[in-house]
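Note that chain A is present in both complexes that follow, paired respectively with chain B and with chain C.
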Partner chain A sequence: MKSFIINRIAYALLILFFVTILVFSLARLLPGDPIQAAAMFNADLSNQEIVSELRARYGLDKPIYIQYVIWLKDFIQGDWGTSLGSGEDVLEMFFRRLPITLELFAGSVFWSLIIGLPLGVISAVKRNSWLDAILTTTSIFGVSIPVFWEGIILIYLFAVIFPILPPSGYVPFAESPIDNILSVILPTFVMGTHGAGLFARYVRSSLLEVLGQDYIRTARAKGLREKSILLVHAAKPAMIPVVTIIGLAWGYVVSGSFLVEYMFAIPGLGRMGVDAVFARDFPVIQATLVMVTVNILLVNLAVDLLYGYLDPRVRVRGNLGQ
Partner chain B sequence: MKTSRQYPHYFFLLLFVFYFSLPVAAASENLKSGQGWMEFGESYWPEKPVKGGTIQTAAPLYIGLFNPNHFPVMDWASMGFFYDKLILHDGSYKPTIPWLAESWQYLDKVTIVMKLRQGVKFQDGSDFTAMTLKYQMEWILDKKNGAWSRPWLEPLQSVEVVDPFTLKFHLKRPWGAFAGTMASVPGMVISEKALQMDAAIAEKKDIIRMIGSVRRTAEKAETRAESGDASELEKAEAVQARMKFSSLESRMKELETLTQEGKSVDSMPAGTGPYLLSKASPGNYIELKRNPEWWFGKYAGMPDMPYYENVKVSVIPDPSVSLASLKAGKVDYTLLNPFQYPIVKNDPRFRVGISPLNWLVWLMLNQAEGPCKDILVRKAISHAIDRKALVMGTQAGMGRLASCIFPDNHWTHNPDLEPVKFDPELSRKLLAQAGYKNGLTIKGFTLNTPVSQAFTKAVMAMLENVGIKWEVDFLGIAGMVEPFMKRKYDMSGGLYQWIFEPDLIATALYMPDGMLNYGRNKNEKAIQLIVQGREETDDAKRVKIYQQLEAILYENYEDVWLWYPMMVAASSKRIQGFNVEMLKQHGEGYIRSHPTWFKDGGRQD
Partner chain C sequence: MIDRTMTPLLEVRNLQTHFFTDQGIIRAVNGISYDLHEGETLGIVGESGCGKSISAFSILRLIPNPPGKIVNGEVIFEGTDLLQLSDREMCAVRGNKIAMIFQEPMTSLNPVLTIGHQVMEPMVLHQKIGKKQAIQESIQLLSKVQLSEPEARMNSFPHQLSGGMRQRVMIAMGMSCKPKLIIADEPTTALDVTIQAQLLELMKGLTRDIGTALILITHNLGIVARYADRVLVMYAGRIVEKATAKKLYSSPSHPYTIGLLASVPRLDQDLKKSLSPIEGQPPDLLNLPKGCAFHPRCRYRIPKCFTQSPELEQISDNHEKACWVDVH
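Then we have the complex of A and B:
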């Protein structure tokens, strides 16, 4: 297991190195110079001399490979540069927004689990019944409902018609724990309903597969109660796809949370990253993509380890492989 | 091509914030006489102002840096909370209203004397004087401070302090846009103390960046010098390198002491404005508190100004959510897009105001190459567009048809020009005359926002109707740079915001080196007039020059000017003291001198 982890980390670092090159080059392959764009859209305030000065200040006047070396060196040393869009320090910006996106993610997983798991389990247990049909339709609705539509409906419902929740905005937990929870209920619910639909579908099919296994038949033959079979013997292996989805969802949390963060005015990483792409804010694009890659690599590693825990066969295969 | 700011609806919102929450400006003479825009009697508002409460507003973008001279500033409206300007614009966008500058006068073509208001304090406690203003002008002009407003002050030779409240501006050449410039970014007054801190912080950052390599260079030079075969030159170099390092080190210590308590203007604004920064949560909100030392309230004999105790500006990017927040009572006012107007116009809880904006929606033509070189084609395009239908269909009627570049309520607008008539038959004839009897295909690009796409598609249909196929790429802001600079278009969509000083838009659009020209046209007569207008210091003569410029551009169908937009805003009826008619008449002068207030003194949340 130890050598497996070391190997994975070594691969991850190699991948990360190539990703930095890719991210850096791709950001610059996007058409449009950010300073020129900003200057052009602020015609009142700009001229070519200022544009050249700003390009020099942000190091954009140097050859691309030199820019890359400088950026990589500074990045490793913790100097992530200054945002071209807001003038903020990118490192500070990133770590100020990270907990917000983490909170959104945790909240959305919470909603997904408490809605999706029961739906999936009931669907599997009552398979091919009218209840299964209703729950399956509900799950598909949850997956396909557009975030904008759901968001605005919920805002009008719970902030305007029944004013119990704030329509938008984010209150940090440290400032007011209650307001913090109130401010994330709607956005996390919107994110969570999408995940809940997916969870329900995956849990249903996974559980059906597990319930058809020989050892479940054996358990039934031993006279175990259905509830016990479901909770003790079937639930754990059926959770593997759920873990996979959570892992995948975490990988996509930055891009996936953009719409919700935009709509609910939440200053998280999703809005930061996507706004940066539109504004060609290179330092922010680069930092975000590299950290997203790190995140995905770590999550993949964690998911692989969790597989081993949840399904002993994975461990056995892994050991045999070694 | 859009100019000035990045997202159109954002700036509707920002302007709204500006209009409803910022008190400022008044000319002392007018104040004493109580005339015109300085009216505070019942004709302005029947009820007496009440102090108190927290007003909540929405902004679509976070403010960015707080030094207006530094790149990037995102939210210009919020800057008005912190900074007063020297001069303000009146209702015709003309810089006529004295604010921190009591008066300014040309002694000759290249010397201007300016008298400043006395008894004004900066938010950091220092005094506003001629010395501080001279420092600010020199700070902007000094390249190392990286002020992107520097080109505005290019005609300025030097600033001389005559007495503590009088300055002389010595110019390199006659400068017609002096007052316009002092009513813009360079005229937003900043504390000298804060700017010095800013310079010190910047210098400290530079030293931190270079001190390591200077130290290493010194160490290497010393090692070489200590070796037996070192030449005298190498020894001298080693001494010099060590001295350089030592001097940097000692300067660093000085700067560390100097900047120990201070913050850069980028993070802590220090103007003379009505509100102080209380808390900033980047990307989320800013909280402001009343500046009890704000000079204008005391000066006007109304010490309760500004009336709100606190202001909270929350970032809400989505206009529908802004409106929902207004309905939910979480913000006290918001700007609306024209199609939101019917949703609130009959709601008894809100007051809805419509007022003109000094913006221009236009289509930019590339005359350097392609079919638009031919005036017949340009005419055909211009006459093929039904401007009235565009405004009705894509703006819910909230716009005034444009005849040229200066809005119909701008001081240099040419009243003799009518918007180009919609005449598709004439367009077809003109196309045939130009040799495009069987139709013409032109290329272009425009912004990919829903509003921009809607109007572009309408124009495409109108052009198609006369046989012109306009192939358009819908691009993001940065994506528009390359096709624009390389002139890979025949016609593209555009929005120019905040038309105040006429030289700025005229230069940007019609001087070959202008930021929105890049060689796309070169009208010699227009260029001559722009240069003339720049150097003319007599306002009456300037008006004639710019009206003549409009006439020349119009005759030559230089571009396709479509409409001047309107601002639609809704506020809670608890907000008192906003008089739309006075705003239309007196512009910025009214806004800055007439802060609003809550009817009941406001909630204290």
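Then we have the complex of A and C:
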């Protein structure tokens, strides 16, 4: 198990190395550069001399591989540069927004699980009944409904017709815990709808597969009631594919949340990343992409370890994910 | 010895289990009746798909519904009809009064739970004993089924055990509440021959010790000859011959039984003599032939076999067959 973890970490670091090269070059492949972009909004920057002086100051005149080495060294040391747009420290910017996005993600997984899990279990237990048909239709609706449409409808319902929730904005937890919770209910619900539908579908099919196994028949033959069969004998094996889905959802947290962050005016990482791309704000783009990669690698590692917990056969083989 | 004058432990009366599929109704068990006395071992033999396993699952009502359904009959166990019990009452019988041992030791144990947990489960559930005592009794059970290092095995997972060891665990699980009846569905089919013999001896010994009746479902006639007191031969969902094991082997009377026996190699016969298989294919249960279901493959058929299905009839003491022809 130990060598398995070390193995996975080494593997993750290698991937990270290649991703940093890719991220760095991709940003440079975009047409235009940050000085040009800034020049569009600032008349002082029409002067060529000032432009080239600024290029030199930000190291943009050096060969690209030198730029990469300098950038990587700084990045590892925690110097993520300053935003070319706002002049803020990128590291600070990132970690100020991280908790907001984490909260959104945790909230959306909460909704997904609390809605998706029971729907999936009921569907599987009552398979092929009219109830199953209704729940299946509902979950497919949840998967297919567009985020912006659902967002608008919910804002209209719960902020305009019944004004119980704020239509947009974000209140930090430290400022007012209650307002904080109220401000994230709608955005997290909108984000969680898709996941809820997905979970329901996966839980249903995975539970159905497990319930058809020989060992479930053995459990029935022992005289266990359906409830204990579900909770003791079926839950753990059925959770394995569901954990994969949570892991995947986690991987999309930044890219998936930007629509919602825009719609509800929440200053999260998704918005920061997308804004940075439009502004050619290289330091911010790079930091965002690298951290998204780190995030995905960490989640994959966590999912692998969780597999080991759920399935003792993995613990021995120790070669999951290959 | 088994006292046949007493009320039987189990009376199966006209049991019919059908599967309702898109292609039509499969009459997997089509009206079978038999008795089983305390401490008796009953063998049920037949080809794959003849309904022998389904008839046994029906006793414990373990038929997946839908598509399966017990449409008719009675299963009277210790005086109560199991088919009339509520689900809750049925759960109190399963694993407690009647236990089951399945065919596939590789897939019949839960891969994510320890052996200890799975062996203890029936005791904790039905006998309401504490966990400590359950652990002690489980270790004893595991050593009774001759599993090496029973204490260490309590914390093992099924994938760490061989097929034979897993089947020993299944037997321990079945024995854990000292049931009145154990139904073993091809318990040794998936194992190699030496292990088969060991496990059958073990089961025979353990059931004798606690006076448990045993229903042994198999397609291996050798096993039945050695371990069963009485035998049912099933074909296409019906019983075609019912006899004590001795009589079945000394004077088989149904053409199907005769065919089965002729297709098994025997050590007391000239090895150069070739085996004679039963011609033809097992019947298509969706589309059973008219009359006697066996007539298309029967060497002794007469015109009546094409139109009328024979019922079981007594031909001597403890010997019944369902056939129009006297074959000897």
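The definition used in the following text is that the second predicted complex is superposed on the first by the 306 of 322 C-alpha atoms of A that agree within 3 Å, B and C clash if a C-alpha of one lies under 4 Å from a C-alpha of the other, contacts with A are read in each partner's own complex, and residues count from 1 in each chain.
One rule holds in what follows: a contact is a pair of C-beta atoms (placed from the backbone, for glycine too) under 8 Å apart; a residue touches a chain by one contact, two chains touch by 3 or more.
Bear in mind the structure is a predicted one, so any value in this text is a computation, not a measurement.
Engineer: After the superposition on A, what does A:220 contact: first (chain B), second (chain C), both or neither?
Structural biologist: Second partner only, chain C.
Engineer: In the superposed arrangement, does chain B or chain C reach more residues of chain A?
Structural biologist: Residues of chain A touched, chain B against chain C: more for B.
Engineer: Once the shared chain is lined up, is A:232 touching chain B (first), chain C (second), both, or neither of them?
Structural biologist: In the superposition, A:232 contacts chain C only.
Engineer: Can A:152 be said to touch chain B (first), chain C (second), both, or neither?
Structural biologist: Only chain B; A:152 stays clear of chain C.
Engineer: Return first, second, both or neither, reflecting whether A:86 touches chain B, chain C, both chains, or no partner chain.
Structural biologist: A:86 contacts chain B only, not chain C.
Engineer: Which positions of chain A sit in both the chain B and the chain C interface?
Structural biologist: none
Engineer: Using the touch rule from the top, collect the residues of chain A that touch chain B in their complex.
Structural biologist: Residue positions touching the partner: 30-34, 36-50, 53-54, 57, 84-88, 93, 96-97, 152, 155-156, 159-160, 163, 166-170, 172, 262-265, 267, 271-272, 278-280.
Engineer: List the residues on chain C that touch chain A in their complex, please.
Structural biologist: 60, 62, 66, 88, 91-96, 99-100, 102, 104, 107-113, 121-122, 125-126, 157, 159-160, 170, 173
Engineer: Across the complex, what residues on chain A touch chain C?
Structural biologist: My answer: residues 128, 213-215, 217-225, 232-233, 236-237, 310-313, 316.
Engineer: Please give the residue numbers of chain B that touch chain A in the complex, ascending.
Structural biologist: 1-6, 62, 64-65, 70-72, 74, 143, 146, 148-152, 184-185, 266, 281-285, 314-318, 320-321, 324-325, 327-330, 476-482, 484-485, 496, 498, 504-505, 508, 513-516
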